Amino acid sequence: MSRFGIELPGLTLKNPIMPASGCFGFGKEYSQFYDLSLLGAIMVKATTREVRFGNPTPRVAETSSGMLNAIGLQNPGLDHVLQHELKWLEQYDVPIIANVAGSTIEDYEEVAETISRAPNVHALEINISCPNVKEGGIAFGTHPDTARELTEKVKKVSSVPVYIKLSPNVTSITEMALAAEEGGADGLTMINTLLGMRLDSRSGKPVIANKTGGLSGPAIKPVALRMVYEVSQKTALPIIAMGGVSDEMDVIDFISAGASAVAVGTANFVDPFVCPAIIEKLEDRLKEWEIEHIHDLKGRSWMDIGETAYHRT
Amino acid sequence: MIGHQNMKIVSHESIAADIYELVLEGELTKRMTSPGQFVHIKVTTGNDPLLRRPISICSIDPDLNQFTMLYRVSGSGTRVLAERATGASVHVLGPLGNGFPVDYLKHGERALLVGGGIGVPPLYELSKRLTERGVHVTHILGFQTEKAVFYKKEFEALGDTYIATVDGSYGTKGFVTDVADQLSFQPDAYYTCGPAAMLKAVEAKFKDINGFISMEQRMGCGIGACLACVCHVAGDESNLLYKKVCSDGPVFKSGEVVL
Amino acid sequence: MSRFGIELPGLTLKNPIMPASGCFGFGKEYSQFYDLSLLGAIMVKATTREVRFGNPTPRVAETSSGMLNAIGLQNPGLDHVLQHELKWLEQYDVPIIANVAGSTIEDYEEVAETISRAPNVHALEINISCPNVKEGGIAFGTHPDTARELTEKVKKVSSVPVYIKLSPNVTSITEMALAAEEGGADGLTMINTLLGMRLDSRSGKPVIANKTGGLSGPAIKPVALRMVYEVSQKTALPIIAMGGVSDEMDVIDFISAGASAVAVGTANFVDPFVCPAIIEKLEDRLKEWEIEHIHDLKGRSWMDIGETAYHRT
Amino acid sequence: MIGHQNMKIVSHESIAADIYELVLEGELTKRMTSPGQFVHIKVTTGNDPLLRRPISICSIDPDLNQFTMLYRVSGSGTRVLAERATGASVHVLGPLGNGFPVDYLKHGERALLVGGGIGVPPLYELSKRLTERGVHVTHILGFQTEKAVFYKKEFEALGDTYIATVDGSYGTKGFVTDVADQLSFQPDAYYTCGPAAMLKAVEAKFKDINGFISMEQRMGCGIGACLACVCHVAGDESNLLYKKVCSDGPVFKSGEVVL
């Protein structure tokens, strides 16, 4: 068996690497750089029921080792995503994780129900953690009861496994994870962005039109790693981790912290070839270290030696 | 097609106040064909600064496999770039976006090129291409002040060149549109790049002729994936249509998008 | 009047710059580099009732544009701090802000009462946000009711104004700020460190002996700035802000976000001369911009033009 | 006294597998007097890597105003440092800490210097100073493998030099203590620097004589303010006493602190 094959609810991954939602569009742009079938999976951009333009520009700002974004869930809407974006992606041999967003629970239900029936959608990622929209988004991701209820409702209508995307902007992310688990989630994805801001020093005004934005990139990796470390010790749910991953060592760190697979966001902007590069270097590294399977490293940050749990096929 | 390469710095010098001319060498140059396209530069390894910087292609030398960019030192990334020495390399992704259509004008027609500040550079390769086709080219270049003026001689070698400075320390005092007011001819098309306020003024002034406008916007990916750089489509009442500056632009037809 | 003079509860500051607690010891080491009287104030290292050794080493780790620490409130204890450290600092013309920590409310009360009587202690900073100790610390800083109660109790016994140091590891920092305000706090200091971790990629084990640590430095500036921006719009309390400040532009950003003064932490490790350097460059910058007083910039990120509130003398 | 300076790189080369020799020039050298002290280096401007790196002073040339450090490329900071070219400058804070006492031994006495891996460099200036005083110096230097061996000739010029490699590819196979077992004389004092396990083994082996041990610890400030680098004091039952490696050390007397 390969060093990489991973079975997660709904997902048979060739390798543990996938682009993170919102950082890869629906794949088209990156398909000019490499064959998307190389990827473990693709987390596509958030889809809402109706088409959305999103926030005014500027939508991004740079910070030390990070970036802020307030795209505001711009997307062409459910129908268009189904008929064009997901359809187009069918040519690739790669499972799609559809990112679902909305302003009300009903929105989430409707998008989840419909999009989960697309043939190449193997799992849903429920975005209850977008910091950049006024309604919905993060509001669902900061109250355990709301998160539990939303998870239950989405689970009822989805025909594929449901992953809940957690927000780091909470006092206890473990509490949120447990609420999702109680609601019947099949897995967790974490973390979404940290709420932050940048000012233009000369004018004193926010650089981003939406004023605040979500912080991503290497700057947040220590926070993401700590959260995966905490949550993976308290829940049995598999975790797809993200937050500042830009090389194979970052992937190893998140797997060591307890993640089952890893998503790459901001790093795609810095280097559009980063995902296949990581896959290759990760394989080399495991060979060099004589690790048979990436999951032999899983959770070793907190497990005693020998205790390493295998979640492999 | 977009490519990427670690390109060697073959020359790097200050040519005006805070303005640097950087010449890079590498095979990637072969892909650069359309003036007005840009490259996305990683100024240094490491995570700070993290993002690439979009910089226009100013001139292309396919024989030497070299291209030139001009940039202004303003923030953290360009400050670091300015310190990189000849012989070092920077990582370049490009060419990106759609440039100015060179073949829109025929031999003998008149083009007006209007540039403001750090919007001037992409007009240089454009002007070379247009004059090669036998298009008559007139340049209006606006700067803050005399010390910020660059590439005056280079443009003069290609066609009439008028300079405006905001403080009047050089050329006409005022804006590029103040110079345009005094033009003795009606151009067949205009090409412009510069600050948003200037683009608006230029578009308004020449509303009767066709123009090509190069836009700026803060970018994430530079390739059309992140939706950082969108602008609204002109006349779209739904406000739902958009264009991406990085991949649909940076050059748009006049009247195509909301400036 | 100078561009810099600032009056805050208990504090007459020559300028808005002070070293942050824990990043400057009790000043002795930095006194070899410059005259401590140059500083607006000094926030000294956390003091507990008894002497503490703190956590095992390694206690620090580097991250992208940041660092993690888990010192664990090492300090020589209340008596020693009073008799030696604060005594020694009396030779300088600089107000001291004493950082108070403990495991129980009684601990806080006892330290606050005693230390607030030291002649050069002009204000207390109540550390309810230390992420690196098992008892007390952050526990007080993540529940509004506890924070309110602690503030009330400390206020009763303190003979100088009380600033509450807020933790960023909460869902709503505004809620915590309002709890402190209700408890009678005279001001806020924010932010303490974000809880994070680093793993050794080869072994998969935490680099820091305490496993997790507090993230500080430029990486967290966007989060700190956003929090100051939020809190300053909701409370009337003056804010001493910190989080990634390393040059005069960072100071301007925090003042623009709504802070009254600014503390410099991690940057002291990168450059021991950073505080006086910032003071000098800040003065130059204000001159260049023709700003009469630093507080003319205060809150301009969210205030309408003309509305700028002056909190000056 | 501690100073700080942007120092110029006058020479920078690879001398063994992943080991670089860096020579820096500047007035700050004048303050460097005690072997075993270290400097705190900011390898580049910008925030990544953020912290300074502690590196020992390997040799000092007061006439040329130059000092040498040897370092191993292991993580992000040293990787960036290795790319810095001659002519560039790095910011140096130092000298820091307390070095090895050179005057502990008298003319004719015998010193044993035991270094492991990247703990070897500070012993070089120490050995020069001791031999200048007429102290007889013997070196035992441990490395992983032949390719990692450096400064063998330099040490041989000063006194007997024995090399141990873990894989046996050079010198004695095994650890420095394996060489020490075979020593034909009893030194009057030992000086050691290297990995913690080695320091412990050396202290245990020579428990009857006085030694000076240079410690390593992760640092924040490097000047004694942040309490990142503390160690326990030997024999302290309260477990409350501590020493700071950066400012009380890095060199401690044998038996002074818990290794």
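The chains carry the letters A, B, C and D, assigned in the order they are written, with residues numbered from 1 in each.
What we mean here is this: contacts are C-beta pairs under 8 Å (C-beta built on N, C-alpha and C of every residue); 3 or more make two chains touch, one makes a residue touch a chain.
No experiment lies behind these values; they were computed from the predicted model shown.
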Maximum centroid distance from chain A, chain identifier (CA atoms): D
More contacts between chains, A-B or A-D: A-B
Chain B-chain C separation of Cα centroids, rounded to whole Å: 46
Interchain centroid distance [CA atoms averaged], chain A/chain C, Å: 34
Touching two or more other chains - residue numbers and ranges from chain B: 47-49, 76
Residues of chain C whose C-beta touches two or more other chains: 63-66, 217-219
Category of the chain touch graph - line, ring, star, complete, other: complete
Chain C to chain B touching residues, read off their complex: 64-65, 218
Chain B residues touching chain C - in the complex, by the definition given at the top: 47-48
Complex contacts: residues of chain B adjacent to chain D: 44-49, 76, 80, 83, 85
Residues of chain C that touch chain A when the two form their complex: 63-66, 68, 142, 169-171, 194-199, 201, 204-206, 211-212, 215, 217-223, 225-226, 229, 244, 249, 252-253, 256-257, 297, 300-301
Residue numbers on chain B that touch chain A, as the complex places them: 1-2, 4, 42, 47-52, 76-77, 93, 217-232, 239-240, 242, 247
